Amino acid sequence: MFRVTTFGESHGAAVGVVVDGVPAGVAVSEDDIKRELNRRRFCHIPVLNPRCEDEEFQVLSGIKDGYTEGTPIAIVIWNKRAVSDYYQELWMRPRPGHADLAWYLKFGRFYDHRGGGRASGRETAARIAAGAIAKAVLRQTIGVEVSSHLIELGGVSIGREDYTFEDVVKSWEKPLPMIDDEAMRRAIDVLIEAARNGDSVGGIGEVLTTEVPPGLGEPVFDKLKADLAKAIMSIPSAVGIEFGLGFRLARMRGSEANDQIVLRGGRPRLETNKVGGLLGGMSIGEPIRFRVAFKPTPSIRRPQRTVDLSRMEEVTITFKGRYDVSTAPKALVAAEAMTAIVLVDHAMRAGLIPRVIKK
Amino acid sequence: MFRVTTFGESHGAAVGVVVDGVPAGVAVSEDDIKRELNRRRFCHIPVLNPRCEDEEFQVLSGIKDGYTEGTPIAIVIWNKRAVSDYYQELWMRPRPGHADLAWYLKFGRFYDHRGGGRASGRETAARIAAGAIAKAVLRQTIGVEVSSHLIELGGVSIGREDYTFEDVVKSWEKPLPMIDDEAMRRAIDVLIEAARNGDSVGGIGEVLTTEVPPGLGEPVFDKLKADLAKAIMSIPSAVGIEFGLGFRLARMRGSEANDQIVLRGGRPRLETNKVGGLLGGMSIGEPIRFRVAFKPTPSIRRPQRTVDLSRMEEVTITFKGRYDVSTAPKALVAAEAMTAIVLVDHAMRAGLIPRVIKK
Amino acid sequence: MFRVTTFGESHGAAVGVVVDGVPAGVAVSEDDIKRELNRRRFCHIPVLNPRCEDEEFQVLSGIKDGYTEGTPIAIVIWNKRAVSDYYQELWMRPRPGHADLAWYLKFGRFYDHRGGGRASGRETAARIAAGAIAKAVLRQTIGVEVSSHLIELGGVSIGREDYTFEDVVKSWEKPLPMIDDEAMRRAIDVLIEAARNGDSVGGIGEVLTTEVPPGLGEPVFDKLKADLAKAIMSIPSAVGIEFGLGFRLARMRGSEANDQIVLRGGRPRLETNKVGGLLGGMSIGEPIRFRVAFKPTPSIRRPQRTVDLSRMEEVTITFKGRYDVSTAPKALVAAEAMTAIVLVDHAMRAGLIPRVIKK
Amino acid sequence: MFRVTTFGESHGAAVGVVVDGVPAGVAVSEDDIKRELNRRRFCHIPVLNPRCEDEEFQVLSGIKDGYTEGTPIAIVIWNKRAVSDYYQELWMRPRPGHADLAWYLKFGRFYDHRGGGRASGRETAARIAAGAIAKAVLRQTIGVEVSSHLIELGGVSIGREDYTFEDVVKSWEKPLPMIDDEAMRRAIDVLIEAARNGDSVGGIGEVLTTEVPPGLGEPVFDKLKADLAKAIMSIPSAVGIEFGLGFRLARMRGSEANDQIVLRGGRPRLETNKVGGLLGGMSIGEPIRFRVAFKPTPSIRRPQRTVDLSRMEEVTITFKGRYDVSTAPKALVAAEAMTAIVLVDHAMRAGLIPRVIKK
């Protein structure tokens, strides 16, 4: 019911999004959108964003005098004049690890390979703009907040599990959203070292919410667990997702894995929430929590082997442009946005979000 | 385009499925369906299926003279007279780890809690019947096979990565689908020991396919990676999914993680397929491969704490019925079925499956 | 959100329906379903239903102790042993006016042509069963009733516009649902005469509702007007639909066509409702009203020309079986059901129907 | 599979559209889009378009070097600085016959009522831009053309049924697309006279296609007949649709209504095509043909009664702005566009349109 349609290629005129099904009367400003878009810039760590350009965007419809109208919200994020000359020598030569190969095989010579085209991480800027709307809806209706942090980056793990939602929110005031300062410093060192070696690193992020009202999720195929997994795995570079303790649960006994149900604050609560806030794939009044694995940026400044598809022969290519040494931090912001979008959709399906937010 | 609708509660008259969008002219027999349904029975390991009942099913429409008609296929799997007396004392007392709590919070007193109702693993029998149709479609059109095996059960891991698709297929001739005999024997021991202790275990399965034609998956939200993740995470007890090396990729450098592209058999191939057969979330002519974590069966024969929702007080319950010491093996069959269903749907969207299979 | 999936062929084992998305706690009995199924029998006018068989149906899931559970409701309507020998000589010889030609062209030799197969009016029995559920939901939530009557049958028109919703409801106590007794008698004469001549007739029905809460319908593609049109035009034999005065509005001036807005009962109302209860394609608190044109039954007992598709030559066929001299009365019951289904779906989308009906 | 998402309000920054699911390799130029947008301007008949402004639009994505890329095509049509002062006195005073009342009831004070906001006919410009893409796809794949003409305008009917598809196409070279010159002249007189009297008129249009390949349409709910009806009835001011002879068929006997099936050009054809090219709701290789009733423009320059919703009292309003004396000609262009969009979608579902158009 809350429909997000994105468009745009990395080296075209713009990327953008149409958000349909937004209730009327939600207070949303351009600043709300700008703030979310800025979260994925990481300009203070140059190896994460060598270009560090400002995002220029425009809201074309659906918001008037600071409030949503209930009509589709269209947002255009203009592309800067990108240097695409470099990409000429990559024509028909899919970069290992990138989506190029898939796009050439699907769309042939019509694929705009420059900067990864539509498969570029740039497309997620449009999702993040939509996420800003979704977050405003969640906050102003069911009072749910979504945040995230990095559990691991470049092999450096935070090694703590005793954090609160507020700790996680605050981690975004640091250079990298890692709740452990020591780990963060080491992770930054690793990023710099990897960049120096022309290499890249992956990471693991965790998305958390405050308590989500029970009953979100539709049995049996549109479970909240299922729709979150889909939304998250639609993000470029996401290669795995686990809810709660995830793969660790698979190694436990039932007696260890089961969250006991206790009475707290007058309502049934999970004593431990190892399961990540979902039972039967639906929300139960607990915070939701899952982890996402992001693979390393495929772009590296080292010779790699590929096939020239026009001549069907093996060639070696070396990427010479600037690249983000890890896309995990940016992708994590997109994961948050997708989470907010899925939650709004399911809250609507559960009848928890009116079509007009009364003031 | 290939739509699967299931229905039915654990202790109602029947569970079943309607499969819509099936091409005409696919050869499907009742034996094909029976064979798949039997794969989830595991009667030879009694702790995995204490009841071990035969499935009685009926095809109501859509198949005539051994061929699909192109119309919806409805299959009813009749429920045996289930002993539901036991469930009276569980009324309004959600079992820890089960979907009960979510269902009570969503549907209140209208929830049919007996045997887990609609949230029961029994519902997956309907998916498996649909999977039998999907597998027939895949085989008779794009020539793709889907199989699976257990990587780990009750903490016992196969500890090998040098297996072929055929090894995996053959593993189903053994008591448990584990390619390593020694690991399998130890896993069975663990199952028996856990059952003796009134406990349960989880596991990790892997789903594999033969080479999938390139181009399946729709950018950007309906990527094959995304739709597989959704389908798999809609299965009860699934708590995580990772594609290819998954979480291990997040710890690698780009230089290590990127699959080099080589020319093999006249077409571009991945040298290593660490990524699991998907780039940009789409198929690229490689086998697809992902792992799924299943949590332990929540039913255990030990006292557990819960809340009586009618009186809003904490109580202790002890499950006295029979239970499957691990649902992972059964759930793996459902994961295979869901994979086949998603592949048919995407092959249709890619225009690879005609509406009539010519004979 | 309220999803109806039907299955079954005319001469297969059964037709049936799965209704998904039904709120929990709706009181529905088998009698409610039986009553609606009986409305399409018209046994008292033998030329409308020469076979006049009782419908045997079974509710497989989703209803327990007289209340919906919130889970999919599956209903199977068993087919009687149909005499299908006759159809052997129609194999590959599409009957003029029937769906046969389309099905042969789409599904080739896999089309079950007996009795029209899936394209048979019999499929609408499944819709009517779903409509019984939908009507119960409407009645027990937003208090809306749906009814219908025949405006014209076999060229005989009621020639009155001064009827109330109650008049329309009561028309179903008569042999034919026509509010004008004289017209009804003449229509019955026409039916009998047409049957005697081996011919068939068409008709025009009108569907009406009581006042529908404002705001149903989603701009711009999923307007209520649009979804009703789709639902109605999915009924076999429906060839036209017009809302309010419909085609007559196209011949009026704006000054004549515009319904003035007046204050009545403390809220804005249309003075005249020529438009049929929808503005901007959405409900506005007025009753909804539209007319549907049904073409004559294609089956007639006269020689007709067709093409034998196996030999690709022109042939003459004469239908020898029993047929309904007009399908309009039956189809009208299906139109009512489809209307109720669309209204429930849109009331859900507008957030007017909770997931649990509190008792 | 071919998804069209529009956005934009009449007096906002822009209206626009995202077209998703377009195959790669379709030749589309900005001229193709401009040409379709121009067809709805009718500047040569000033009472049909008093403002007569040029459309300025921009293609933001999805087309490169004259060919579609297979990615979403985003088109923005900028709004001119509209004079919206006038609308201040219409605030909370819904204009009779307009969508205003529905929007106020649904979205309250967040409704942008200026120029009808999102419910304005201006939104259809976005559909027409999408229609230009759809027409290019149809032409370059299955070779189908779509056209339309006015059957009746302001009560003046063409009174001919002996026209060809080419006649219909050529009618667009005239001031009004009416195949009969005499009727056209009288219709123009009626338009001018109605405008002079501050009134407006409705009309009836007919949409026709060339031969559509058989098999488009999905039984039973997504019939082509059903989806066309939905698409057409989603157009503002459309109040009725009839396929083929439509309502006239309802008054015929079966012996008169049934199109006999004959062998022509080596394939089965309808001798007469009274049914409008669809049997069982699916295409059968015949041209498709249906008529649409458009009500008169609700805007008239006469006092009309309405309710001031902020003070809940009856008031009289008189529209003083410029208005189109009939929206039927413009709406007809939108009807053509929607038809093309539905045909592409169904041709894709039937597997007739590859994901890449090979050059």
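We call the chains A, B, C and D, going by the order they appear; numbering starts again at 1 in every chain.
Criterion: a contact is a pair of C-beta atoms (placed from the backbone, for glycine too) under 8 Å apart; a residue touches a chain by one contact, two chains touch by 3 or more.
Every value quoted in this text rests on a predicted model; they were computed, and no experiment measured them.
Participant: So which has more C-beta pairs touching, B-D or B-C?
Facilitator: B-C
Participant: Once you find the CA centre of chain B and the CA centre of chain D, what distance in Å lies between them?
Facilitator: Computed from C-alpha means, the inter-chain centre distance equals 46 Å.
Participant: So, what's the distance in Å between the C-alpha centres of chain B and chain A?
Facilitator: 27
Participant: Based only on mean CA positions, could you tell me how far chain B sits from chain C in angstrom?
Facilitator: The answer is 39 Å.
Participant: What parts of chain C, by residue number, touch at least two of the other chains?
Facilitator: Where chain C meets two or more other chains at a single residue, that happens at 6, 71, 106, 118, 215, 219, 350, 355.
Participant: Building nodes from the protein chains and edges from chain pairs that touch, which of line, ring, star, complete or other describes the result?
Facilitator: complete
Participant: Can you list the residues on chain C that touch chain A in the complex?
Facilitator: Contact set of chain C toward chain A: 1, 21, 71, 215, 218-219, 348-351, 353-355.
Participant: Spell out the part of chain D that touches chain C in their complex, as residue ranges.
Facilitator: 4, 6, 94, 96-103, 105-106, 118-119, 123, 152, 155, 194, 199-204, 214-215, 217, 219-223, 225-234, 236, 238-247, 249-263, 266, 268, 271, 275-276, 278-285, 293-300, 302, 304-307, 309, 312-314, 328, 350
Participant: Could you please specify the touching residues of chain D with respect to chain A in the complex?
Facilitator: The contact residues of chain D facing chain A are 3, 5-9, 12-16, 18, 20, 24-25, 58-62, 64, 67-74, 76, 106-108, 110-112, 117-118, 355-356.
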